[in-house]
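First chain written, first letter: the chains are A, B, C and D, and each begins at residue 1.
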Amino acid sequence: MSPETPAPSSSTESATRLQELLSQWFAPWVQELGLQVQSCGDGEATLRLPFSEHLARIGGMVCGQALMSAADTAMVLAIVSRLGEHRPMTTVQLNTSFLKPLAGQDALVTARIVRAGKSLVFGEIDIVAASDGKSVCRASTTYALL
Amino acid sequence: MSPETPAPSSSTESATRLQELLSQWFAPWVQELGLQVQSCGDGEATLRLPFSEHLARIGGMVCGQALMSAADTAMVLAIVSRLGEHRPMTTVQLNTSFLKPLAGQDALVTARIVRAGKSLVFGEIDIVAASDGKSVCRASTTYALL
Amino acid sequence: MSPETPAPSSSTESATRLQELLSQWFAPWVQELGLQVQSCGDGEATLRLPFSEHLARIGGMVCGQALMSAADTAMVLAIVSRLGEHRPMTTVQLNTSFLKPLAGQDALVTARIVRAGKSLVFGEIDIVAASDGKSVCRASTTYALL
Amino acid sequence: MSPETPAPSSSTESATRLQELLSQWFAPWVQELGLQVQSCGDGEATLRLPFSEHLARIGGMVCGQALMSAADTAMVLAIVSRLGEHRPMTTVQLNTSFLKPLAGQDALVTARIVRAGKSLVFGEIDIVAASDGKSVCRASTTYALL
């Protein structure tokens, strides 16, 4: 990854704070994803997306809509971990590639800032299967700071 | 649009069938979007995304996650309207641009096949505000036929 | 397309001016594409990409790199046609889908503004085969106004 | 990066072979980029894009068209390094984010396979400034194996 992305220095405290923001900032429908902040660092956040039949299609496959939504949500928290809570922002673009199916298990969603400029923030999200750490979904995104 | 995209020749019957598929094929969480098939044609489908506080952030803005999810869902139905119900497929990529906020109102989500090849289908989705028909979100997507 | 995109009202004069900008603003390597401004309007420009062995791989297929480069170039001119010549801008993102091969013939590259905000401009590009008008390549893009 | 991406085990021999393919497979216009294979491994290739006024706009900024074209080219070689020379393929999609300007210096273009399935290959490209290794451009791409 980019030299601009420092290693995560997760603290329990800040992960707790991001978890609070999850329930304050996001739509009730997004909160139903049940995302759990696992760790965070400077410009980086990892969330667990717990498996649920509610998010699955026939065969237990986690729907792509849930993966995209988790990616977008994780990126907001990664940006907060760098810029703080009081910086309004909006998603400009989110590009998602679905590499392989994820069935019957949790996913880990890691979002990282690739570059934070004055008005635009670029990020990348890697979603891996919790069981083997293999990527199932990758996304790249651009946010505008307002 | 492409000369390969004929004008929609919506029939009540097929719209009803697509509405049934919505409740059979998609995850319960996606069904909570409350999408309603408005019209469909050969390789094209238009869905209404009703406004709901459940999908909204503070200020009544419809969350981007709902728009992306509606786009993906509409595209599946657009492909079904061309290729029929029995062709398994998977989303390879979905790229979404958020043009402007949508607050306190329904959206109309139109998905169209741009090109259907032997193994890949390319599509585009336009999401407009129901009140004025202005685009709030555009997406392009690739599906693999299995 | 969006109701924000008026129909092109091409004038010979402005097409001539855009052609001049092509030779002033762009890298010599990009100018080798030989792009010719065909028409332009408010927020829209159509360029011809003449077929050349210089741009082709074995079999006479126009290389994807030339199509992407033509798309980006056309979009700059479409933005100029709306905002004028003196607005500095930079490409933030360009997403290109290659729908089918283009071999041994010219392409027509039409770029349109989908939405122009205060700091960001969203656009879409359709590249069609000159012979039959069928899309061979689609791109969506975001530019930042500086 | 993904656990599916092994560390590069570059050999001079295979880098030489990829350099030969560069001059055989790509359009003359792409060859003018002057790309030099620096290293390669299993599913990975790093190319140098030498600075040239030919590729630059006013101010010595390397044009985005050259960066996108280098990304696409590097990915083809990364795929060859995994799958061999005799597997026909085509670019389905290339999504490029321009993080910051690159002026007056070489770029290093590293392409890596993220996942290679039966019919689709997903890859990511990181373009860094040769002077400080900072990312100036990121791309993600999908190729179809024919």
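Here is the rule we use: a contact is a pair of C-beta atoms (placed from the backbone, for glycine too) under 8 Å apart; a residue touches a chain by one contact, two chains touch by 3 or more.
Only a predicted model underlies this, so the values are computations on that prediction, with no experimental measurement involved.
If you compare C-D with B-D, the chain pair joined by more contacting C-beta pairs is C-D.
Most remote from chain D, judged by the distance between CA-atom centroids, is B. Per-chain Cα centroids separate chain C from chain D by 23 Å. Centre-to-centre, using mean CA coordinates, chain B is 27 Å away from chain C.
Chain B and chain D, compared by their mean Cα positions, are separated by 34 Å. Contacts with at least two other chains are made by residues 92-93, 95, 97, 142 of chain D. On chain A, the positions that touch chain B within their shared complex are 25-30, 32-33, 52-58, 63-66, 68-69, 72-73, 90-98, 101. The touching residues of chain C, counted against chain A in their complex, run 92-93, 95, 119-120, 142, 144. Listing the residues of chain A that touch chain D in their complex gives 1-4, 95, 97, 99-100, 114-115, 117, 122, 124, 126, 128, 132-135, 138, 140, 142.
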